[in-house]
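Chain nomenclature is as follows: A, B and C, assigned in order of appearance, with residue numbering initiated at 1 for each chain independently.
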Amino acid sequence: MKTSADQSEHLRERVAEAFAKATPLHIRGSGSKDFLGETVHADTLDVTGHTGVVNYEPGELVMTARAGTPLAEIETVLDEAHQMLAFEPPHFGENATLGGTIASGLSGPARPFTGAARDFVLGCRIVNGQGQILRFGGEVMKNVAGYDLSRLMAGSYGTLGVLLDVSLKVLPVPRTQVTQVFEHTAAQALEQISDWQLKPWPITGAYWEDGKTYLRLAGATSSVESACEKLGGDALDDDRAFWHAVREHQRPFFTTTDRPLWRVSLPPAAPMLDIDGDCVIDWGGAQRWLQSDMDAVALRRIVKEAGGHASVYRGDALPRFHPIGESIMALQKRLKKSMDPAGILNPGRIYPEL
Amino acid sequence: MADTASADAAEQVLASRPDKAQLIEKLVAKLPEHVILHAEEDLRPFECDGLSAYRVLPMIVVLPETIEQVQIAMQVCYANDVAVVARGAGTGLSGGALPMENGVLLSLAKFKQILDIDTANRRATVQPGVRNLAISEAVSHLGLYYAPDPSSQIACSIGGNVAENSGGVHCLKYGLTTHNIVELEIVTVEGERMTIGSEALDTPGYDLLALMTGSEGLLGVIVQVVVKLLPKPERAQVVLAAFDDVRKAGEAVAAIIQAGIIPAGLEMLDNPAIVATEEFVHADYPTEAAAILLCEVDGTHAEVDEHIADVREVVEREGATEVRVSRDDAERAIFWAGRKAAFPAMGRISPDYYCMDGTIPRKALADVLIGIGELSEKYGQRVANVFHAGDGNLHPLILYDANIEGELERTEEFGGAICELCLEHGGTITGEHGVGVEKIDQMCVQFPPDELTQFHAVKQAFDSKGLLNPGKAVPTLHRCAEFGAMHVHNGELPFPELERL
Amino acid sequence: MQTSIIPQLRNTPDGEEADRILRACTHCGFCTATCPTYQLLGDERDSPRGRIYLIKQVLEGETPTQKTQTHLDRCLTCRACETTCPSGVEYAKLADIGRDLVEQQVERPMHERVIRWLLRHIVAYRNRFAFFFALGHIFKPLLVGPLAPLKQKMPPRRKALAWPSAENAQRTMIVLDGCVQPVAAPNTNAHAARIFSELGVRLIAPKASGCCGALSQHLAHREEADDFARRNIDAWWPYIEDGAEAIVLTASGCGASVVEYGHMLRNDPAYAEKAARVSELARDLSDVLADEDLSQLGDLGHGRQVAYHPPCTLQNAPQLHDNVAEILTQAGYQLTHVRDPHLCCGSAGTYSILQPTMANQLRENKLASLQAGDPDVIVTANIGCQLHLESAAGVPVRHWIELLEPAAAA
């Protein structure tokens, strides 16, 4: 059911009040991403009531919607016009909201090929930590007036501002999509995927699991067909269900064990790391999911040496996100303070310092 | 309402009177003498960038050759509270690298090395003074290229591209600079070296890469950039469609996109632009047309065939009076020749031209064009429109003669009016050229005081003394108040709460 | 660009021309992309745009110092910048005016004056140059200090080829003999004459002609250059009246100068018309040959690998047309891929002598790209480039016309 309610003023008042009293707020949508980052111990500011698509014109390739709008609803509206969110955001729950999607900055299997959540943010309206409603960016494709604070919101977990509404660039749904499967070891897969990407083929997904590489091609029918011909491999039946399961962590790899799960972000061509555990490869090598009981510090050291970072998806390790250097942290603290001087917005969600 | 500390700092820096001789002495003590220029004869060539209507003689120019020298220059300036303006190739069109008479101009033009080409990860590590096009040239033999292609790509440098978040003809499909870089090395205002972003696709903590890109040199000095490389498309082809009505051309733009095609480039020229360029390059444009569209499609051979047929069908349905499809690369080059020569063509029919850069929703194209036509009559100045229709990014070119007294001022006013017209239609004052000094007053119209205050607060997180490129990109509320006093918009003052001088 | 040229200059022909050129410049910076010195040095003052600004200062009444002179000296006048200028700024013309103005106001140190005087008074005169050239070969070990760059410029002495009589030829063309080429590479014109003779064209090199004037022009003595032009026009005029079809230029450096005679003497009532006619007739050797039927020469190359260095003057002087690559390919040679063909080799007239550091750096880069394709021979179309490259190349460097003679090609 589609709902539409503008609670901007209510949300602004709540933040202004909290600012005046210097009491922190736990900003929350449906809670589908509660397992990411650290727990915020504070009064909850529920944004799920702030809903509705504010503006959508398919010819403009732009949609603006309120942060509490369910992601599923947005996808339905787009689908009716044969358009989509090309960063393929994971929901991780039935009621995932647009706000949570952008605040966590998560992107699905298409990310290395079409772009990340932040790449599709054109503008937003937020409440900053002083309870002021501010608008950055806009609904146009190109905009370089002022600092790019709207893209900064992506992945900031609500610690810099409460998202009110977000304008996103949307794209047409490709006319054809197929997935070809190849038998590879992990090392072969990494090398092969890297080579494939030197060709102008319409690749939109490259995943490896248990001896098989899954390569998704999507675009103009003719283009997909001609690439398939050159690639070979076996076509995968019902590939939409497959990629949905990859995106939502519903593959058996994710669901059949309780071992700690790490998200390892790496330069795509980085070789397989010498870490004990099971691994699947997404994002053509740039995102690897790792089940390992290895000590967090040791694991992170190996990942860092390979040019990447590791965050906790399941397990007890702290901090949840990869620690960052001292001077960068100092800068980020100052940045946080510039938008949330009283430190009331989701304090500690990313790092205790922010 | 109080201005922020950062804005105060910026005003202080703008008004400061540093001791030039003393500063030279301090710089010379730590840097080789030949990298420091201070005689007027040497400084004069640096007094403006690509926007030569604005000129200021810098107090000192520093031409460092190493990152360590950049750090030293920054440390000396920081210790002495002296402002620093960073400059790349000096091709910017908004005066973003305009020097300060009481500041140091830091040229990064000697940083010209491509340090690494990483084929496996499809990246190149380059110094900031490397030309945009030089990157594509260096990786061409690998079948790769760097996608953002501002029209100055032959000369503009990658450091400047990052500072301005430059776009180009192909950004609807391939994105802006911000979408095509993964890592930056910067030197902070204090002279510290810092890495922003990472070689992975994301970085823990806040997305400082997004924030740095397009920050116009106000947050840090870029000393190294890691860019993404893409495989070169197999083929590109162009459709040229003529229309007898600007509105129809505008509707055809939306129709192409609604048909599910993302063109690699989608450009539009109005009649004055067609006539002027045709005289100069003889691209065989239909000079009687009210507007022409150039729609380029790229990809695999099969994909291009499919999309070209679709585009042809759409523009014919939308009432194109003539449709041509390039048969080979030579003809494609001819189709583009007119568009690419459009700016210089203006330079030949008028001594000077002033290039605007507003972006609007595509649906407003026709209304804004008609509005610009009305303003042209009101100001009595000719204007030709050339733009990235796919992105809604307009480049109206106002023709004038700088040697005629008062004409530049009238042109600036006209330009300001065009900016405001874009804002009225839900657009922005700058799509890709940046605010610089040129559109600083229009920022007061686009952003209310709370947003500007927030910008200043963010600036302060990076540069507490306000030393980096002060007076650009984000106006102080004080300046907006002065501008507002002269400039009553829609019958109301934009900053009623501020006292006016 | 806005200008305010001082009154005493504004109404002179130079002042008017400079103003016109400056006004066309929009300061966009596209010229910096192809400027060899800016690409090496990254200093705005060593870019065309920066030099335009330095010259503008002088025109607007500022007194230049040696610094301005140095940056103008460092310009190769290769004119690569003009090819990327979207606004059609005639940089080289402005540079000539600027150099002259600065020369009048800035006194050069003694050693610079000496070497410049020598270049103008010896090199530009065929007989004097031949004398010193011969002397130089004897006293080569004594070329030290500021004269050292001359030592490596000294090409081996070559045996002279016979000039064909071509008595039966129906058609005639004039060839410029020039100053350095007949001494340092005497066979270039002889080769050309022999090939033309086979094509039924008699090539005449009038004795009274001499240096094209480029030397003086580049050394900021434009009046002297004008005199050289007048002398050549006088030497050629009788043949032109007799129906010579073209003035063939076998050194593109001279070619770029001769095609400008019309412009140089436009204000001289006695010569303006003749000079314009000469400029019309002046064509590069490859341009003239491309109009002839060369199939009778047959396959001379047999697939031999050739790296071609197109001189800046041939690439960038709009009136000169380069057909060298097509001709050599037609004659059976395989041209290797050469990166950055638009960058100057550093020869640039007297540049390699006056600016040896820059010139050698440019030559090093140029030879690296020329030799990347592992050629059997490097060819070019200008005596200056030929001598400059030859002095450091590991493979033979020749004028391309030599490859069209069966004997020489072997």
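Note that a residue touches a chain if its C-beta (ideal position, glycine included) is under 8 Å from a C-beta of that chain, and two chains touch if they have at least 3 such contacts.
Everything quoted here is computed from the prediction, not taken from an experiment.
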Ranked by contact pairs, first place goes to A-B
Which one of the chains is farthest from chain C, going by Cα centres? A
Suppose each chain is reduced to the average of its Cα coordinates; what separation in Å results between chain A and chain C? 61
Just give me the whole-number Å value for how far the CA centre of chain B lies from that of chain C. 39
Quick one: report the Å distance separating chain A from chain B, using the average Cα coordinate of each chain. 29
Got the chain A residues that touch at least 2 other chains? none
Of all the residues in chain B, which ones touch at least 2 other chains? none
Can you name the residues of chain B that touch chain A in the complex? 118-122, 142-144, 164-165, 167, 171-172, 175-176, 178-179, 192, 194-195, 198-208, 210-211, 213-215, 219, 231-234, 254-255, 257-258, 260-262, 299-303, 305-307, 359-363, 388, 390-393, 426-435, 439, 443, 446-447, 450-451, 454-455, 457-462, 473-474
Contact footprint of chain B on chain C as seen in their complex: 1-3, 23-24, 26-34, 38-39, 41-45, 49-51, 53-54, 57, 62, 64-65, 67-68, 84, 86-88
Listed in rising order, the residues of chain B that touch chain C in the complex are 39-42, 44-53, 63, 89-91, 107, 109-112, 129, 131, 133, 152, 154-156, 341, 343-344, 347-348, 351-353, 402-403
Counting only contacts in the complex, chain A reaches chain B at residues 57-62, 82, 105, 111-112, 115-116, 118-119, 128, 132-136, 138-149, 151-152, 154-156, 160, 171-173, 175, 194, 197-202, 219-223, 225-227, 265-269, 283, 286-287, 307-309, 311, 321-324, 327-329, 331-332, 334-339, 350-351, 354
